[in-house]
Each structure stands twice: as C-alpha cells, then as structure tokens.
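Scrolling down, you'll hit the structures one after another.
You will see two complexes here that share subunit A, one where it goes with subunit B and one where it goes with subunit C.
Moving on to the complex of A and B:
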C-alpha cells in the first residue's frame, strides 16, 4: 500500500529525516526498557498504597521510613549495601541462565553448598597463609555451586528436564544435604545447641571494606555483575547464548553448541550464587550452619526479574531491595506493621513486573518501525 | 550567577544539616528504650510469642519504651537491627531472643556498643564474652517431665510421641524428660521421636504428627518454634496433646492436657529494673519452676484427678529445687549406661548442657 501511493516521496522524506529519526528510534527502544519496568513499579507502589490505606496506615509515612531506613543516612546506606551484597550473586544465578531462556530458581541450594564447601576446606589448611586458605575456600565454593546448578543445566540439555522445577527441587536437596552434613559428620563437637562446622579461623576471615563497613562481598559482587555483562554483551560466547535463548532451533542450525552453552551458563550462575555462600562464611558467620539458607537465593529471583536479566541493572535493583529490607525493621517499629508488609510490597512489585513483561512492543511510542507505517498510511 | 549558586548550595547544605539533626531521639535522657528481636512471627503460638507476651506486658510500665522487630534472620541482618535500634531509637537494653543471634552477632555488637546492655536468651554467655552482654534461660525440661506424668496417666496405648526440631542438647533433654515423666507413672510406656530437622517447618511437623498417631501414639508433644501445627493436627486426629512454649489450649480445647510454658516476664522486669536503677543486670541467669521462669498450662478437661494429684505433687517437689529428672540407674536407648545407680542430675547440672543421648524407651536416633 505504501509503495503504491508515492514510493519516491516516502523514501526521500525518510532519508532527509534519517539522522534525527534514527536517534529518536534509538532512544525510544532504550526508553521502553526503562519506562515499562518503571511504570510497573509505580503501579505496584500505588496498589501497595491502597493496601496500606485499607489498613489505616499512611503511605506517606511508609515512604518516609523507607527513605530513612534505607538511604537517609550513612548507617542506612551501610545497612542497605550489606543486604544488597548477597543479592548481587543470587541475581546473577538467575540472570545468566535466563540468557538461554532458562528460568533457574534454585540458587538458594548453590549458596548453601558453596558456603558449606568453603567452610569444609578451611580447617585442614589451617597452617597455610590466610590468602591461600581464602583462595582455596573460594575455589571450593565456586566448584560446588557450578557443579550443582551446572547439573540442572545438564539435565535440561541432555535429558530435557525442565530447569525451573529441577533447580527448585535440587535446591531442597542441597539444603537437606547440607543440614545433614552440618548436624552429622561435619559438625564441630563444640557447637552444642547451634550445629555448625568447625570454625574457619579468625585469621582466615575477611573483614569489612575500609571506610564503608560492608564486607568484601559487595565489591566482588559488583565485579561479578560487570564481568557477567561483558560476557553476555561483548563476547561471541554471550552472543551465541542470546541466539540460543531466542531460538534454539535457529542456533542449532547455525551450528552453535547449544548444550554446552546451557551447561556453561548454568554452571557460571551456580558459581556466582556459591560466592554469596562463600562470603557468608568467610565474612559473616565464620562457619557453615543452617542460617546459610537465609533466603537470598529466592530474593535473587526477584532481583534478576526486576533487572530484566541485565547484569548491569542488577546492582541498582539489589540496592533498592536491600534498602527496602533495611527499612522493614523501622517500619515494624514505628508503624506497628508486621514484617510481612515488605513481603507484600515485594510480591506486588513482582506481579506488576511480570504483567509488565507482556506490555513490550504494545506501545507505538517505543516501536520506531510502527512510526513509519503510521506516517505512511496517513499520507 | 556564581554567588547565587554558592548561596543555593549553602542553603541546601543547611537544609540537609537540619534534616540530619531531626530524626535522632534523645539518648539516655527520658524513658529507657528496650528492644526485643524475634526470629519468627510474634503470634506463632510458640517460642517467639512467649517473649512477645512478656514484652507486651512490659509496655505498661512507667518510664519504659518497648520496641520490637519480628522475623529477623540469624544473619548479619540482626546486627543491623541491633544497630538500628541503638542508633535510631536510642535503645539501651536489647533482648535478641533467638539462639543463633549470639555468636558472632550479639558478641560483635556488644563490643561495638559498650554502653548498651545485651541480654540474649539461650544461656551461651561465658566469662570470655563482653561484660555488657549476658544470657538467660529456663529449665523447661521440668515442664516436659510434668507433661510426661499427665501423658502417662492419660495414654491408653502406652505409646506417646514427640515432634522435635533438631537433635541438640536442649531438645534431647525435653524428649528424655517427657518419657521419664510418663515412665514414672508406667515404666512400660515408650516414646517415638521424629526430628524434622528445622525449627520451623510446618509441612514436616504435620507429617510427623500424623506419622506418630498412625504408629499408635495417643499423646503428642513437641519442641519446635511454633507448636501450632502439631497441636492442631493432633487435635484433629483426636489425639491428646501436651503444649510447649505457651498455652496452646485454644487450639485443642478438648484434648489439650497441659503444657510446659515459659514465663519471661519476671526476668525482663528484673533486667529493666536493674538498668533503670543504674545497675548492671546479671550476666548469667537461669531458673525453672521455682524461680517462675517456667510454668504449666492449666489442666484440660481430659486430665484425670489422679493425674492432677500426681503432677501437682511432683511440681511441689520441683519447687524446692534440685529435682533429679535424669537419675541412675539409667541407660540410653542403645543400651549404654548414662548414669550409675545412686547418681542423679539436678536441673542445674552442667552435664545437661551437652546431652547427646536418648534414654531407654525412646524410639529414635540422635
């Protein structure tokens, strides 16, 4: 239809307007990825505001407390950053496999096994210099996490087992296995009423980063996010993964090693999650115990989805969620609301974002290819 | 232009300073602020509720402000909760009530805040720990022994059941006490124990309760954070049930026999009074029935007169102090001797802190 009426005119107009339109189109495509999650978050917040009003509480007071508890002071920032640190790793465990179209929700298991592996290798190496011991602990954690979530990938790639279900079930197995080992063969006999492994030793503990008061897991997590982004966006491997995630058949026809990509990316995700466990042991607990399963793996799912599986978007999202959780105590104390309040908010946000996913490509303003046809049909 | 910018910056800075000065409440001056931290919900019909009930009762006292936070995990999150209570609310006395909070978190915060008093529930404090920290706990196995006496009188099948969280000394003492109480009525009674592996795992607790009843047990008790699921499941199946932590009789009005309850209020009152009077509260405090730290639920309708008389008589004995629940000759359930004849462990015995056996007659393994 376009071609029939006045092909030359349209082409000429398009060529003349090209630089401006191309810039606008570029902006519009980028804007969509920001505007839709932002809109979803706003809708979620509005719904949560209504929820608060039905409880007779003031949404404004809550916003004020979230600000004060999460970001309003140096202490609040420290609190939020500390909570964000494990979420960076947990988010990557979801975001990396997501590039291949896999929804891995069992990062919790890799965190627990990573922490356990780290704690187990330390005591036998107690005579060695601390950096060596810490490096060995990190390596053990990485291997444990990579093996566990990599196995989920292998089940998917070679046996066609759904990765979502497999990872969730394997996470339960990992936690049960870890609890069994911590309470049985690996238990420190001195840990009477709180079963734990042998301590990794004061000398092998990583202190807080100077000046910030948050442990090193934060900077390691930021580096991991950056590395993951480079891998996904700037390497052929990452490009292959995205192709395979978009269309497995097409990727196979192109000769891409889809199975190996799946195993590799899931293993990498698992290794990231395991680092959260490693830092929990080496910077926080000093041993492995049941509290390794603190739920970071599950919050990580929310982080990754909020970040739309973009590794560079994970840090700000993790910080926002860390801030929310940091402020939940203040909300409990000052507003007399139960702890579940923040969970309701997180749930609403997640729901709105999932619904928001269906909105991509539906707004003309964000879809440059629709602009042209509109103009063309108008002429 | 330049001056304008500078002035704006100055104004902004002043506003920020003003804001920063606003939220902090005056520390020390005015009422004493006491912070309670719970690992689970305040209304769990269990461990956390026992503390929250006492905290609520404190709220009426003059010159006292009580702040609470529930569902705080045993991770560095609890450090931040303590710091937040100290820095933002001016708390001068903290009660982090969950066992796993103590090491390393309470210890670290006590070192960091020498002017704040920390009292942790669980009895872990030793001389090596900071002097502004401390522990308190109750000898609740006494209550489980009395539960066992009533269970022993009530059971028809001579099989009783115990839903337990983890095989740690405190839990094992309770299992042993429950069976030994029942065996003091009828030595042929046995007790099946099922460990769920977690302090709070509703599905497994329900499964365990059903499995115990299916196995013939007709009186059930438990040691998990929230006995709600066990008590309700047992009641639905028509089994008798003994409570734990708090009074669960509303959940099983017909079959609730009695229960071993905490009463933290006297401890909290004395700690608060100490701090208000400028004294350092005790670093290590333990007590049982005699001290009012442990109490029993009122008897339910199904409890016979004989059972009441027997339990009340033993309770009177316990109130005198030194009652030996673990008494020789006693073997564990693998046939190994625990105590020789003539020996006994009163409630304060240090050996009970490291119990690692189930007594003969308990079906289950540590």
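Moving on to the complex of A and C:
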C-alpha cells in the first residue's frame, strides 16, 4: 500500500485531545447554529418593538396577544398547528435545494399548482373508492410541484439561469395560470362570488387527526421533515448533494452527477411544496380557489432560513411562525393594527437573519479549531 | 506628445517574511527604451513591476523616474508620475464603448460629462496615436487585439510615458501580437514612450525589445542588449545551475509493457475558445512519472481539464488501460484513476465541510461489495478519516473541523490521504506543491514517488521546473498547446528544456 511507505510526521491533534474537550468542541460547533439565529431573532424582535413604540403601541401588549392568539388556548394551538402544517412543506421546498447551494424562493407557485392539480383530478374519478381518489390527487400534486420547481433546477443545471430569480418568476406564472384556470375553464359554475374548481367531494376529504383536531397534513409534514433529514444527512445521495453544494468543482472532479442532483433535489422540494397545496384542498378547502396563494410559500422561506436548512429544525420554527400568524387576527382586532403588521415583523426577522448569516465563524467560542491553535502554540 | 521617461531601479528588494521575492535588483532603462523582463514563474517579475507601480512598498531599494528618486505610494501616485501598466487580463468595462472607458478612467472626470467636448478631445488625441480604433463600439464587441490596443491607448491618454506590459501577447493571435508590439516599438523609436515588457517568448523579445534582463529566484541573473546574447545563453540565464535532487529513493523502473494512459491526437479548447491544445501522442506507463513542464497558460490547464473530465475533447482518443476514458466516477473507480487538481481547497474540497467528510468524498458511496450504497455509513466515514488523518500526518484540531481551517499543506495532505489509499493505477496531479511550505513539499513529493514505486503511473503537470526535474522519469515540455519536446530525466538538458518552454523549437 502506498500510504505506509511514506513517513508519518505528526499525530493528529484529534487523537490527543481529551474526550472532555472533544465533547465541548462538538457542542460548540452545534451551538453556533442555534445561537446565531436566536440572536438574530432577538434583534429583530427588538427592532419590531421600536417600530411599535413609534406607532404608539405597547410591545408588551403585542407579546401577550401573540402568546394568547398562538398558544394560549386549545383553540389557539389548533389554529397554530393548522398553519404550521403547510409551512413544514414550504420550508422543505427551500431547505432541500439549499443543500445544493440554490436559493429557491418560488415555493408558493408549487403550492398553488399542487393544490390545483389535486383538485382537478378528483371530479373525473368521483365513482372510485375514496382512498384511490385521494392517492391519485396526491400523485397529481406531487408531479405538478416536482415538474414546476424541477424546471427551475433544470434551467440552473443546463442553462445557468439563476435559480432564485427563475423560481420567483415561475411562481408568478404559476399563480397567474392557476387563477386563470380557476376563474375560467375549470370554474365550478355553482361558485358564484368565490371562483373555485368543482368540489373534490365530501367523501374524498381527509378529516382531522383524532384528538387534536388538526388535519393530517401536520403529521405528513413531520414525516416529510424526518425523511428529508435522513435523505440529506444519512444517505449517499444526500452526501453527494452536500458536496455539490459545498463546492461544485470538487463534485465535478469527483465525477458526481451534479446536474442530475440539482434537478432531483429541486423537484423533490417542489413535490414537498405541492403537498401543502394538496392538503389545503383535500383537508381544508374542498376545492382549489384563490386562497391557495395564502403566502405559505413565502413564509416557508423564512422558516427554512431560521432552521438553517436543517429539516429537523423546521418543525419547531414552523410552529413558532404558525403561532405568530395565527395571532394576527387577534392583534388586528385588539390593537387596531393593520393585518400587514405581522409581515413587517417577518420581514425584520428575515433581514436580521440574513445579516446574522455573515457572523458564522466569527465567534471564537463556537470555533474549536481556534482554541486548539492557541493550545498548540502554547505547548 | 511629451517625451519618454527613463526608469531605473536601484537595489530593489522585497521580502515576505523570511522569503525574498526580489533580491537587490538594479535595472536601468533609458528614455525610449524597449526592455524585456524574462524569467520563470515565481522568478520575481511581477514583484518587481508591482514595486515600481506602488502596489508593494519595497523592503529596500529605490526607484528613479526621470533620474530623480521618487517614492510611489500607490497606483494613483504612479499614474501621476507618468507610469502606466497594462495587465494580462483586461480591465475595461465590457458594456461601455471605448470612448466611455477612456473617459471614466481619468482621475478628474467631472460630475457632469460634456460628451461633445470629450469626444472632440478624444478625436484630437487619437489623431496623434498610431493606433486605429473605433471608440464608439462597446468593448464587449472588440476582438482581443483591439481590447489590448484600447488598454494601451487608455494608459497613453492618462499621460503614461513609461508603460509596463505584463505578458501582453498571451491573449492575442500571433498577427495581433505582431501589430501591437510593432506599434509600441515605433512609439519608443520616436522617443514618445519607454516600455518594460514581461515576456516568456524569445522570438518576441528578439524582434521588438532593444534590451533585456533575466530574473531568477528574485535575483538579477543577467541581461544586456538584445542580439548580443544567444538564445541558449538566455535560456541558461533563466534556468541557472540546477541540481536534480531526489527526495524519495526510486525503486524499480518503468514497466515498458504496461502503458496505463495513452492520448492520441487529442484536441480541445477552453470555454473562451482562445486556448487550444493538440496533443499528438502522450503515454504514461506503470511505475513511471511523466512530468509536463511549461510556462503557465500554455494549455496545461486545458489538458488537465480533459483528463479530469471537466472539458470534453473535440477530437482524438484518451485511453486508460486500453479502453476509452472520459473521467466519469464509474470509470475512474473501475480503472483506479485519481485526479488531484491544482489549488486543492478551491478545486478538490468543500471548504465548509469537515475534514472527515472531505476525506470521504471518494469512497462514501462504495460498499464493501463494490456496489453503490444508499445509506451513508457515517460511523465508518469518521473512523476511516481518523485513521487516514493519523497515517498521513494531517494536522487538524479535529476530524470535525471545517477543512478551510487547515493550512495549505494539510489540505493537500488530506486530499492525498483521500486519493492515494486503495490501489491506484493512474494518478494525475497538477501543481501539487504550489504555495506550500518546505516540509509539506517534501512530504507530498515523497508520497507521489512512493505511489510510483508501488506501480502507479503518474502524470505530473507542473509549472515548477524543479519539481518536474526532481520527480520525473520522463519530461515533456508543453508550449502553445502542444507537446514540443521530450527527454528522459537521465538525459535532461536544462538549456533545451528552457528553450522549448520559451517557445523556441
């Protein structure tokens, strides 16, 4: 073997380091991914507090209302979880391509098209058993979302088109297309003041999960997050994607199929977003209408960035933001603040988060290699 | 037009730590001179011109402009003194026209530009120039030769009376090069300009320069009037006395019956279409290191890209172990080919991923039964990485630290640890020791020779001639996209290698 013939010069520091230090280093590296987003959120909240003060409103009252509106009662919890469910899928649509270094912000379009595709296939199949119809609806949604966001990936992989811009524009096209179809050729003549597609049928609707009164999209979303984490962190496919995201040249030189990985991961992200639309149709609305474009796709961007694109961190973040959005009605009524106030807060949080992204690696306490270099120079 | 400036450096020295990039260099160029600066990569040519232009503050030594000592604090000060430089890579704004580029380059552009007046002034200025250029076309639509001319005109419009050209012809066709240098030579003959040109090409130097200096390892190795020194002597000045050292004892000789890598009539071009390569024939046998020497930018990168599967050859045949080879993951795995690109942190690693993960790049998806696995064996990857880190002496705080936190030498050790484990039949390695410290260099070269002794065929593409001489069994010289010279290491003659590197063949 080649390696043994050459002199081994130094023993790696890792093998010398005491287990306690190693455990501490392990902890420090992971603490950074929690501490920095948390710090950014605190700064964002403080800025929002200032914003409220200039409007003459009390930040404390707002915190109280968010708590009560989002998590203060069984009903509030139900509302928050119901809103968190689509955010799980929308977050994955950002987090999965992000592992390949792509910032995809057009999940909203995939949600709308997914919901529309699901609603469209149901009426023609109305005679079939419900599980079969629901499966067909899910499949239609998955394909629509995968094709839409996968096309963004293909544009990037084969033509070098920027994925952020392409996905945003594709999202606008998707929403406009869906609106056109819902108000035109696919409109249910019976839907008078709220243009909708034909109903999918009461029998084909998914009920709430027993006990908590939240639809099945929540558990499906949690499973999707777990599956996405396994895919990214525990499979060779995910490892290939992380290499390509870390350095595309290194991935190419290793002979990895970078283009196929990009198309595959964007398609998967699109399929996830489409499931959010599918559950909106099959568990909430009963048909496809304009409320599919409720902004979950855009809040999902914030969810993914707050979770640092870690699928396992998406559920708690989605719950927090779901609660925030659930409380917006209460805030509007009690504080006489406009509906968009929560959007201001989300925008501030996102801005602080992006600024926080530049802080990684700047804090010595989170960078064990810097502790070691000091020790090494001392010995 | 104002008169040309005489320039002189006296004892110019620039140290980076203990390393003297430039050591006591004194060069005098008379007004209206056309001086060529020759030397290998890393000989100190760029350091010298950067000291003149004020990018670097020299450690010691002084600069005389127009026979007066001046301190140049930066490029702006250099411009004020009448010094200008044309870089190897264009510094024009592609979307603007030539006229717009010339105007915005000025230090005193008014807030509101009166284009009518500027145009008239430019027209008057161009009337006095030997260069003919259409200043109303966007720079993006100009050919390389026209851009180069515009760069020169830009410097002249900034009142440069001393012009430094950094390998001006590397981006030009031979006819364009001829024209541009001819015009410049004309301007120096007219006494309007003094030129200092960095070049690697003897023919160019002999045709256009009046005098030359040769730098070698930061020192002035010689110089004089062009024509008074033969090409062989110029090559000898560039190469110097070289001892061919051997780091690791070679054992065994190349296996004449086992040709591992074979290229026949391979042609390719880089994405810009400017650099073409045409390799008539190249073979590497088992237990042999074939070194490809050459001045950077003569097609080595394109050759490496073809072998690494980054660029598709436009013609010819690349074969490994007798069968066509395109550099896919499956092919490199089954034929046991390893490719180590230059600048490993930039090209072979994901900087923010851990050392352990980076070491796993090659083998993470291979199960013991040889098939592609689905689940990632994270425990196995970590154990294997810890073992390799210890065996290859990679100095890192831990296997979990991002590889970007390692020194250059340790990044390269980690890459070697990844690529040189398991049997290797063909190793292609590009500039493996560029920018590394002494200990890392000897360690890494030892490992390459050890691989060769173990029966690996090694293709070493390097701009460091010492490295080529030290490691190779056989040496080829690449110039302008072709292999122009071949010799065995035993019969290697420095002068001949140097002449061929300088495009004289």
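What we mean here is this: the second predicted complex is superposed on the first by the 357 of 379 C-alpha atoms of A that agree within 3 Å, B and C clash if a C-alpha of one lies under 4 Å from a C-alpha of the other, contacts with A are read in each partner's own complex, and residues count from 1 in each chain.
The definition used in the following text is that contacts are C-beta pairs under 8 Å (C-beta built on N, C-alpha and C of every residue); 3 or more make two chains touch, one makes a residue touch a chain.
Computed from a predicted structure; not experimentally measured.
Visitor: On the A-aligned overlay, A:254 touches which partner chain: subunit B = first, subunit C = second, or both, or neither?
Guide: After superposition on chain A, A:254 lies in contact with subunit C alone.
Visitor: On the A-aligned overlay, A:238 touches which partner chain: subunit B = first, subunit C = second, or both, or neither?
Guide: After superposing on A, A:238 lies in contact with subunit C but is clear of subunit B.
Visitor: Counting only touches as set out at the top, which of subunit B and subunit C does A:358 meet: first, second, both, neither?
Guide: In the superposition, A:358 contacts neither subunit B nor subunit C.
Visitor: Mind working out whether A:54 is in touch with subunit B, subunit C, both or neither, as first, second, both or neither?
Guide: In the superposition, A:54 contacts neither subunit B nor subunit C.
Visitor: After the superposition on A, what does A:22 contact: first (subunit B), second (subunit C), both or neither?
Guide: Second partner only.
Visitor: Which stretch or stretches of subunit A touch subunit B in the complex?
Guide: Of all residues in subunit A, those touching subunit B are 68-69, 72-73, 75, 78-79, 82-83, 176, 179-180, 183, 192-195, 280, 284-286, 289-291, 294-295, 325-326, 329-330, 332-333, 338-340.
Visitor: Under the touch definition given earlier, write down the residues of subunit A that touch subunit C in their complex.
Guide: Within the complex, subunit A contacts subunit C at residues 1-15, 17, 22, 25-26, 29, 233-240, 242-243, 245-247, 249-257, 361, 367-369, 371-373.
Visitor: For the complex, which residues does subunit B have touching subunit A?
Guide: 20, 23, 41-42, 67-77, 80-81, 83-85, 87-89, 99-100, 103-104, 122, 124, 166-170, 197-198, 353-354
Visitor: Under the stated contact criterion, what part of subunit C meets subunit A in this complex?
Guide: Listed in rising order, the residues of subunit C that touch subunit A are 248, 308-310, 327-332, 339, 341, 346-353, 357, 360-362, 364-365, 372-376, 378, 386, 388-402, 405, 417, 420-421, 423-424, 439, 443, 446-447, 450-451, 453-454, 456.
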